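Next come two complexes built around subunit A: one with subunit B, the other with subunit C.
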Partner chain A sequence: MKLRFSLATREALWAFAFLAIPLAFFLFIRIYPAFQALWLSLFEWNADPAKRHYVGLEHYSRMLADPTLGKALRNTVLYTVLGVPFQLILGLAVALLLQSVTRLRDLFRAIYFTPYITPAVAVAWVFSWMLSPNFGIVNEILGWVGIPAQKFLLSPSQALVTVTAIVIWQNLGFQVVLFLAGLESIPRTYYEAARIDGASPWAVFRYITLPLLNPVTVFSAVIGTIGFLQLFTQVVNLNFTDQGGPVGSTLTLALYIYQLAFARFQLGYAAAVTVLLFAIILVITLVQLRILSRRVEY
Partner chain B sequence: MKRLPTILAYIVLVVGGVLMVFPLVWMLLTSLKPAGELFNLEVLPRAPTLDNYRQVLTQTDFPRWFLNSLGIAGITTVSVLFFDSLAGYTLAKLRFPGKEIVFVLILATLMVPTEMLVIPWYVMSVQYGWVNSYWGILFPGLMSAFGVFLMRQFFQSLPSELMDAGRIDGLSEFGVFWRVAFPLVRPALAALGIFTFLGNWNAFLWPLVIIQSPEMRTLPVGVALFSGEANTAWHLIMTASSLAVLPVVLVFLFFQKQIIEGVVLTGVKS
Partner chain C sequence: MKKFIGLVLVALGLALAQQTSITYWQYDFKSKVDLITDLIKQFEAQNPNIKVVQQTFPYDAYQQKVASALAAGQGPDLVNLYYGWIPTWVKAGYLQPIPEEAIPSKTIEAEFIPMTQAAKVGGKYYGIPTAVRTLALFYNKDLFKAAGIATPPRTWEEFYTDGQKLTLKQGGRYTQIGYGISPDGQDHNVFREILVRQAGGRPYSDDDKKVLYNSPEGIKAFRQYTDWVKKYDIGVPNFFPGNNGYRDGFIAGKIGMIIDGSFAIGSIKSGAKFNWGVAEIPIDRLGARKANFGSFWLHGLSPLATGAKRDAAIKFLQFITSADTEKLWLEKVGELPARRALLRDPKLSLDPVYGPFIISLSYAKATPFVDEAAQRTVMVNAINRVLLENADPAASLQQAAAEDQKILDQFWK
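Our next item is the complex of A and B:
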């Protein structure tokens, strides 16, 4: 009896020894700073600790009347509702096409995946060169087919859509790879049974493929949503001299937070906006998981 | 009858493939053009030159930025692989009081967006003098909650008899982890390693906040600030971009299979 007790104690001691450093890391670098952000949002920050003062919920009431924040929030929502569905549909479409061909499948998969691993900063500069209104190759090509030159990233009405398209271009391969793996994991027997029953291709897609892909779709949707809600790197680099512009039309919450905190040094107010971003991500992720993860039984 | 859809599928895939590759090709072609050819928009450079590369590599700290990124991504990856495995293993295979709480605590950190942590990290860095230092750039990434979760899943699928056999052979608990369990989860380590490295290699927000002097820049920060200063010298900007993109694409071509399997593995397991 004594031996077993000491063995269990020994195991627990080892466990705590193994966890000491990781636990310290997560407590001090992840959990404590999250609460500190909440705490900071209640203060007017100053580099000199003596000049920091408590303002209570003032920053939160200021958010309600901040038109720039409203714009950033609206843009961020637009990016997400535009980007995520398009990204999912395109990713699934390419995966279905890839599944329908036998030759060169690996080559195509690699080609579609390449943009995903390239640094977003470099991608953004390449696109801002290609989409340059006067010297860009895209307007040149549009000219060949008689379409007038577009301003793309410099037009307040086109910039957000253009940024979204660039982000989708970069993320597409990730979705394709996931969907392709999902498609390949669906047992052949389901399709054979459906064929024997004389089901139409649409019925097969609607009642076999889609429901069985659900776990992949949920994962992709959640990852994609979180990505679009935190959009930053592309927006900064696509319009570097007027970040978030033209006239705030591409500004995102993440970029606004960055500008508040590190260009204007309003760290307290910036922290309050991060709390808002946190709340949005939390709610949306929970809702998505609930709506999309209904189990399918066969 | 079956030929036509297949041919259509190939056509769509090829058109899409061209759209995927063209921006990167255009970037490379532009980087080989002398400044004078920049705006005539011919596809191939008339007088291809490596002069732009010489200029970017000698007139900026580019080689230094490259090494900074390599070092930071490398150290971070080693740290994540070791500590995430250790924590994942402990949570999967060892019995101790408070296990559930520790797991939930680590998992909960996944919900907090980086933006929320950046401000406190910055305040902390100012306080301890970590601003503009390598430690300052890399400390937030030394472990990853996702990695702990992933490794725990993999260690759980190992039969406990293997660990018991190691104990009977006289290995210490750390020996059991390091010699028996750790080598058995290699596919998961490869996937986590690739993602951690890529994530840190491409990271932008936090390095941009914490780096102040040109020689401390990581590659993405260096490319962004250099391009911002280069104004309309697109041949130089595309050269800097090419220098940032090429190593990643080369590594990808080499490890294509492992990388794509890694994506699938992390996607399916979680």
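Our next item is the complex of A and C:
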């Protein structure tokens, strides 16, 4: 007997067949190791399988009494709280300006996008020279207007804000492109109707642009938050010989995990901190999706 | 026909069984990689049944590679590592002791300089070095001459006066500094092993289990160090940005003096476009106590080396730590030999560049780290709290001692 499927079923089967490969990849390369980290976090790890021993929740209780972890956690939250809103606001502002520019728009777009595709390591090196208290151009300029040289990356109180600014500078182009695409997708007719009704530019922005951009804003907020929560490369390279310094002021959770696992070989504890980071990202993302994504009626 | 193929297969199998292949890992450093490549050729010619495969990785990714490979049961049989990493690696199961019957501890102690004992954990050696390093003062002779200074400083007092003469400012910004201060470079070692000992203290107890640098002598030494910036103003941290900024600044001719290891000789020789010299580290007053920080990279056996592989790895280890290799190593890589006999050569201690390092070897000590990465951060933070946040030196050092003690307790528990 020959099996007969309707056209719709056959299409669905094909779709699943194609999806199977990425799904398998996702399961074995992403999900399985994630659960393995959970498993690993319950062990004192050792290269010799005979010496691995189960420690239960010991690593989790160690977290409670680890001031470095506390600092990394506090910094990570600060990066996110500072970074995400500024990145969104600046991204939107630049996108709106670019949209109103008619000449050379592609050139400007390319200029804004360049930092995003520049390797983070190169960015870090150039910035650490530009911000140097003794040789940097930034302090040179500050000097012209009578502001004393600032330490920026070398000051425990300024370093975190400075790193955040550099990361935003680097991500801005991507953010702008997202918002530009969002802006393009808003039907012109709404704007025309609003203009006929005599709506102020602020009202147009508040009641048309912003609500209709919501899907892009939600996406950007979620992706931006995850990016800042996982911040690593810039922090490592901006202070290469004292990573996370000065005095731990730029240390992030991701960097702390890396140091625990690959400089101190405490794989079990590092896995436990990874589980913590995973839980934080999961909770924040779910909350964000809940709060930010309202359906917008056209 | 079938029989014939069978015979060929058996013969091939026998040939393969007789040849043992071992893997050696080190980080990328051109002169070292080239020399090991040459040495492998020699070694394989002498031992036709052993094949050595060298694999190298960038320095920054090196520990990560070792951790991920060995944790998965793959990687090197013989592995190059910094001595300060040994306890952490041993605890994670990445090293096995050198078998006493193959290379007795007594032989190691008789033939290698005392510093090598830092490779011992729980009474067993976990590796043997080819070369060792100490610290010394590099100084820019041209800048010294321009500032009217005739000789390198012998005491700290001279060091301060010279440093001040060499420090130039324009407005609030430094254009040249006397000393390339670098808490995260070699200076945390300078404090622990040089200044604390010169002041009559000890950084750690003899059993390596207690922090002692928060003694009155230690606090005095810590104040002395932070005063280089706070009181005497002979330098500023991160004057040149980047990895090894203090060394780059010296090579660029903007820094009068730096304290650096013998491993820096190569890059300074090839980079510096001025006359420079090397001197022993200054002391409190003439005739006062000397101290130095010694360190080394060594070759250790991984748990993967078992049976014939272990024998082959030990044979190769003996070959690359032999007197002949060490002579070549000094010549090609520029690192000091670890064997006592070679250091007695008077030509070496009279050498204007190597001399101060060689002389320091007789009193240099290697800090008994248990978790080098973490202990280093503790000390760098202690210094930076004073230099960058104006913390009280004594309070900052006490905090470091408490944090460091916690790391020690965690390790020894």
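One rule holds for everything that comes next: the second predicted complex is superposed on the first by the 272 of 298 C-alpha atoms of A that agree within 3 Å, B and C clash if a C-alpha of one lies under 4 Å from a C-alpha of the other, contacts with A are read in each partner's own complex, and residues count from 1 in each chain.
In the analysis below, a residue touches a chain if its C-beta (ideal position, glycine included) is under 8 Å from a C-beta of that chain, and two chains touch if they have at least 3 such contacts.
Everything numeric here is computed off the predicted structure, so don't read it as measured data.
Once the complexes are laid over each other on subunit A, subunit B and subunit C cannot both fit and instead clash. Look at A:L183: by the touch rule set out above, it reaches neither subunit B nor subunit C. When the two structures are aligned on the shared chain, A:F240 is found in touch with subunit B and with subunit C. Of the two partner chains placed by superposition, subunit B and subunit C are both touched by A:W129. Once chain A of one complex is fitted onto chain A of the other, the partner contacts of A:Q259 are limited to subunit C, with no touch recorded for subunit B. Touch criterion met: A:I281 reaches subunit B, while subunit C stays clear of it. Between subunit B and subunit C, the partner in contact with more residues of subunit A is B. By the touch criterion stated above, A:N46 is placed in contact with subunit C alone, subunit B being left untouched.
Looking at the shared chain after the overlay, A:V222 reaches neither subunit B nor subunit C. Once chain A of one complex is fitted onto chain A of the other, the partner contacts of A:L78 are absent, as it touches neither subunit B nor subunit C.
Using the contact criterion defined above for the overlaid structures, shared-chain residue A:L267 touches subunit B and also reaches subunit C. Only one segment of subunit C in 38-46, 56-64 or 290-298 runs into subunit B in the superposed model, and that segment is 56-64. Where the contact sets of subunit A with subunit B and with subunit C meet, they give residues 47, 125, 129, 132, 135, 240-241, 261-262, 267. Residues 5-6, 9-10, 12-13, 16-17, 19-21, 23-24, 26-27, 30, 38-39, 41, 83-84, 86-87, 89-90, 94-97, 99, 102, 105-106, 108-109, 111-124, 126, 139-140, 142-143, 145, 148, 173-174, 177, 198, 201-202, 204-205, 208-209, 219-221, 223-224, 227-228, 234, 237-238, 240-242, 244-245, 248-249, 252-253, 256, 259-260, 263-264, 267-268, 270 of subunit B are the ones touching subunit A in the complex. Listing the residues of subunit A that touch subunit B in their complex gives 8, 10-12, 14-16, 18-19, 21-23, 25-27, 29-34, 36-37, 40, 47, 94, 97-98, 100-101, 108-115, 117-123, 125-127, 129-130, 132, 135, 137, 140, 169, 172-174, 177-178, 181, 185, 216, 219, 226, 229-230, 232-233, 236-237, 240-241, 253-254, 257-258, 261-262, 267, 270-271, 274-275, 277-278, 281-282, 285.
Partner subunit C is touched in their complex by these residues of subunit A: 45-48, 51, 125, 128-129, 132-135, 139, 143, 148-149, 151, 154-156, 240-242, 245-248, 259, 261-267.
Residues of subunit C touching subunit A in their complex: 63-64, 67-68, 70-71, 73, 88-89, 91-94, 171-175, 182-185, 236-245, 303, 371, 373-374, 377, 380-381, 384-385, 388-389.
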